[in-house]
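What follows is chain A paired twice: with chain B in the first complex and chain C in the second.
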Partner chain A sequence: MIKIENLTKIYSTGVVGRGGIVAVDDVSFEIKTGEIVSLVGESGSGKTTIGKLILRLIKPTKGKIYFAGREISRYKPLEYYRNVQGVFQDPFSSFNPIYKVDRIFENVNRYLLNLPKSEFWGKVEESLKSVGLNPRDVLGKYPHQMSGGQLQRTLIARALVIGAKFLVADEIISMLDASTRVDVLNILGDLRDSMGLSILFVTHDLSLGYYISDTTVIMYRGSIVEMGDTEKVFKNPVHPYTKMLLESVPTLDRKWKPSEEIFKVEGDVTSFKGGCKYYSRCPFRKDVCREFDGKLSEVEENHWAACILFGGD
Partner chain B sequence: MDILKVDDLKVYYKTLRGSVKAIDGVTFTIRKGEVLGIAGESGCGKSTLVNFFVLPKEPMYHAGGSVILEDKDITKLSKDELRKIRYEKISIIPQYSMDALSPTKKIRVIIRDIMREHGRHVDYRLVEERLEMVNLSKRVLDMYPVELSGGMRQRATMVVSTLLNPKILIADEITSALDVSTQKFVIEMLMGFMEKKIVDSMVFITHDLSILYQIATRVMILYAGKVVEIGPMEEVIKRPVHPYTKALLYSLPEMNVRFKEKRLEGIPGHPPHLLNPPRGCRFHDRCPIAKNRCEEEEPPMIKVGEDHYVYCWEVKA
Partner chain C sequence: MKEWLKKHDTLYFMLTNKRFVGGMIFILSMVTLAILGPWLAKIELRWYLENGVKEALDPTANIGIPYSPPSSQHWLGTNSFGQDVFLQLVYGLRSSLLIGIIGGGLATFIGLVVGFVSGYSGGMIDELLMMLTNIMLVIPTMAVLIIIAAYLPYRGVMIESVIIGFTGWPWTARAVRSETLSLKSRGFVHLARISAVKPMRIIFGEIAPNMLSYVFMVFILQFGGSILAAVGLDFIGLGPTRGTSLGLMLQQAVLWNAIQLGMWWWIIPPGAIITALVAALYTVNTGLDEAFNPKLREM
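Moving on to the complex of A and B:
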């Protein structure tokens, strides 16, 4: 469905753009039809940038993204956005507070679909029902009259009305309340199973990724450190960064182990050149890690890691 | 031993349409040496409760009940008297603590002003020691808050809040904006303040029960301005009794369940609006076991185990 090849994004900084922050550094992976891929990383890992690149909100510095076998920049915008849609973190800022919620649907029809009114609103009601909402609770309401969970579901419904086949869901759960979070996750799972929707689920919360995704991609400072089948990555983590992340997740069945000594990042993070990016924080670091090219290698079937010490051959 | 006793406390917000009953009859204590976790969804009143202890300000007002700190009812104190208690007896690391420091003052000046307010001189050796505890160098003293990163500002706020060795330190959602690995470090630093006896007791507020499980001694679950369950942390997690606690725990994706194998369910419905909260139990319209009585009368407090209480009609002692 979506294929990402050697994708690199450098944000230029400084007066004449001389400085550069490497947000995404030579990343390649693939999202198959009917698959949920969770893209996990801490802030600054580049996960949101990848989402933006897929949505064509920004242009890549290097590398290519393919949708259904064709490079995404070769689609006409309307054609592309009929297939690929995004839902973002803050549901309240996705809506214009002075208009009724209906407007986001009206705009869809005006610019993307051009269906007769009755047919279109029938479709809207159907989509709202498929995300577990009662159309009466949504249509004719203002955003402030609805909860965050309802708004997020309305936005997912909007993507369904358009007929999107691929959804970028960027931290769509993180602002929702605990009691409604899992409902939105379940909807993603249901849509994948019932209509084969493919989803890039961007999150910093590993437990959400574990619950819902088929494949997990773990990023650290712009690069993939480990990826593969979700069960394998979580049950048999290889990269020290993945291990540290998994141990830091608070859960209700075990208590935290005390952290090892904090490895301070040496020097300027952004100008770091060569070697493993996790070197300065890694408790297992060795001299060979300074020479490591950061390439992924296969650990087992459908499981890759970028670590010279613990990764595959 | 109880350091703070809260009895039937009511804290409302004045609005044009009437009073919003954010905290409506809450009773509990904070004991010496414990970490009391307060959990609940947004709007349950958890921040209102602790902000009231530290800085009750308009439109928030005290609508009943008492808060006894060392034989004094702090709800009856004047602004000036409260000012004395702040930082010395009870201190808070506020939500959004990365934005809690005045942007026009250097950290050194912020610290000096607070100490002066409490009639003391700054002991810089102590300050440096404390900064070191949170992994900051003494260089930050001569920096403005904007020169520090969000995480550094938050840690600087931790130092400022605890400089006068408060009896009770309140941490309000301090980890919710952080990455998992940073989250753990921040909590470990915070627990360092308890281990070194800089603070006696801590109140840790979060919507995330799995974080509380790591550190709290007891937990109090709030729903729509009322306590629904309070008890030892381990006990409440392993044997939750109130239907709300059970549903909340059941809706949390933990790293041991997957959608494909076992589907978790959220809690249908929404919390009530607190302008006109429902009579009876506030959870009744979302509760799977509610009976008629739950809509009419406020639920009683039932003891369900050692130090473990729930407010529910349908629970047996």
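Moving on to the complex of A and C:
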């Protein structure tokens, strides 16, 4: 459904574009129809940038994104946004504080759908119900009168009204209470199953990614370090960064004890540039890593990793 | 009433703010004076009108005895030409307020459009517009005003306010641009963009309404600034060639040695009104600042 090829985004910082920050560095992956892909990484790893690139909120420096086989910049806005939609991290800032919540639906009908009023609002009520909201609690209210969970679900309902086939969900759970998190996740899962919705689930939380996704993509400083079937990546992590992430997930029944093997790094090489991006933090690093080009290689079927030491051939 | 005001808390804090209310009362009374001026002048100059001096209501007509101090016939006396000072004052006030509204309005409008477009579109358009803005900023405005005004043989109040409006916008544009930059990365702007809302609709429908209070304050500052700029132009002899204005009154009073001749009634009223008007506008502005910014509110 969405195919990303050699995507690179460099944010220029100088006056006329001298110098820049590489946010996304030559990333390629694919999201199939009816699939939930979670994009995991720490702050600054470029995961949100990929979401914005797919939503055409920013332009790529290099590389291409295809939707249904056609490059996304060749779609007209109307055509594209009827199919590809997004929900953003902060539900409170996603609503214009001076307008009622209805406004986001009004915009949708005025610019994207152009349905007769009664038919449109009927659809709105229906989709609000499908995300577990009572339309009377939402319509006619101001954003500050609603909770984060309600607002976030309203945004999901908005994407449903549009009838999008692909959804970019950018950290949509991070602002929610633990108790409402699972509800929202389950809504996404149900939508995939009932409507064949494909979702790019951007998150920094491994356990949420594991809970919901079919495929996991792990990013570090703009590059993919490991990706593949969620089960395979979590059961058999190959890249030292993935191992470290998995080790850092707190579990309920045990106190945290750092594992010497994965966390202990000897010597300081933070100034080192080139080679493997994880070199400066990797406890297993060897001299060969300085020459590594960061290419993914297949570990097993549907499982790739970018590590010269552990990552397959 | 009180309950209703409590709900609209910005309005409530505006109307309970001493600075805002005090400044506004003065400004509104000046506006009233300007509006009712010609009618008041009819009462003042009734003696002339009764005796058939039709041009008595023309502020440039030399009707009275020169150098006469304030009296019941000439409330603020006459100047060296026998022109009625009160009549000049109300007509001068009219043109000053007009310059404030048109010049200030124009400067605010240009500043807003340049700021919004520049901040929202970014890239090349932004660089070009900001280059233009910076050029306008470093050119000494007064010098430009002098040159433009000197080139126009006939100048009216309108031309003067347009000139002032076209040179007064750069700071506003810069401030609006930076505010737009911060607002455009908010979620609701992204959401509007992925709803295929047109850029102009996003600027004026989503971003601008969030800056309404700021725009209002900018207009008030530009209003005062335009009045001052006009007074400056008038004073150095580049004011309107026809009609009168507060700045022109000051210029003539100084040229004809009003101070040395002890004609305080000629120079103090226009000077005091200009000073008080601009001071009141700035006071209103600080009052609004407190009303719009909860952190500054006196509780």
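Basically, the second predicted complex is superposed on the first by the 298 of 313 C-alpha atoms of A that agree within 3 Å, B and C clash if a C-alpha of one lies under 4 Å from a C-alpha of the other, contacts with A are read in each partner's own complex, and residues count from 1 in each chain.
The definition used in the following text is that contacts are C-beta pairs under 8 Å (C-beta built on N, C-alpha and C of every residue); 3 or more make two chains touch, one makes a residue touch a chain.
The model shown is predicted, which means the values in this text are computed figures rather than measured ones.
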Joint occupancy of chain A by chain B and chain C, clash or fit: fit
First (chain B), second (chain C), both or neither touched by A:210: first
Which partner, chain B or chain C, touches more chain A residues: B
First, second, both or neither for A:284, with chain B first and chain C second: neither
Angle at the Cα centre of chain A, taken between the Cα centres of chain B and chain C once the superposition is applied, in steps of 10 degrees: 80
Chain B versus chain C as contact partner of A:86, first or second or both or neither: second
Partner chain in contact with A:179 - chain B first, chain C second, else both or neither: first
Minimum C-alpha spacing, chains overlaid - chain B and chain C, in Å: 10
Chain B and chain C footprints on chain A, overlapping residues: none
Contact footprint of chain C on chain A as seen in their complex: 16, 52, 55-57, 77-78, 81, 84-86, 88-98, 104, 107-108, 111-112, 155
Parts of chain C lying in touch with chain A, wherever the complex brings them together: 127, 186-188, 190-198, 206, 209-210
Contact set on chain B toward chain A in their complex: 41-42, 135, 179-185, 188, 207-211, 213-214, 237, 247-249, 251-260, 263-267, 270
Chain A to chain B touching residues, read off their complex: 42-43, 147, 177-183, 185-186, 189, 204-208, 210-212, 230-231, 234, 244-246, 248-253, 255-256, 258-259, 262
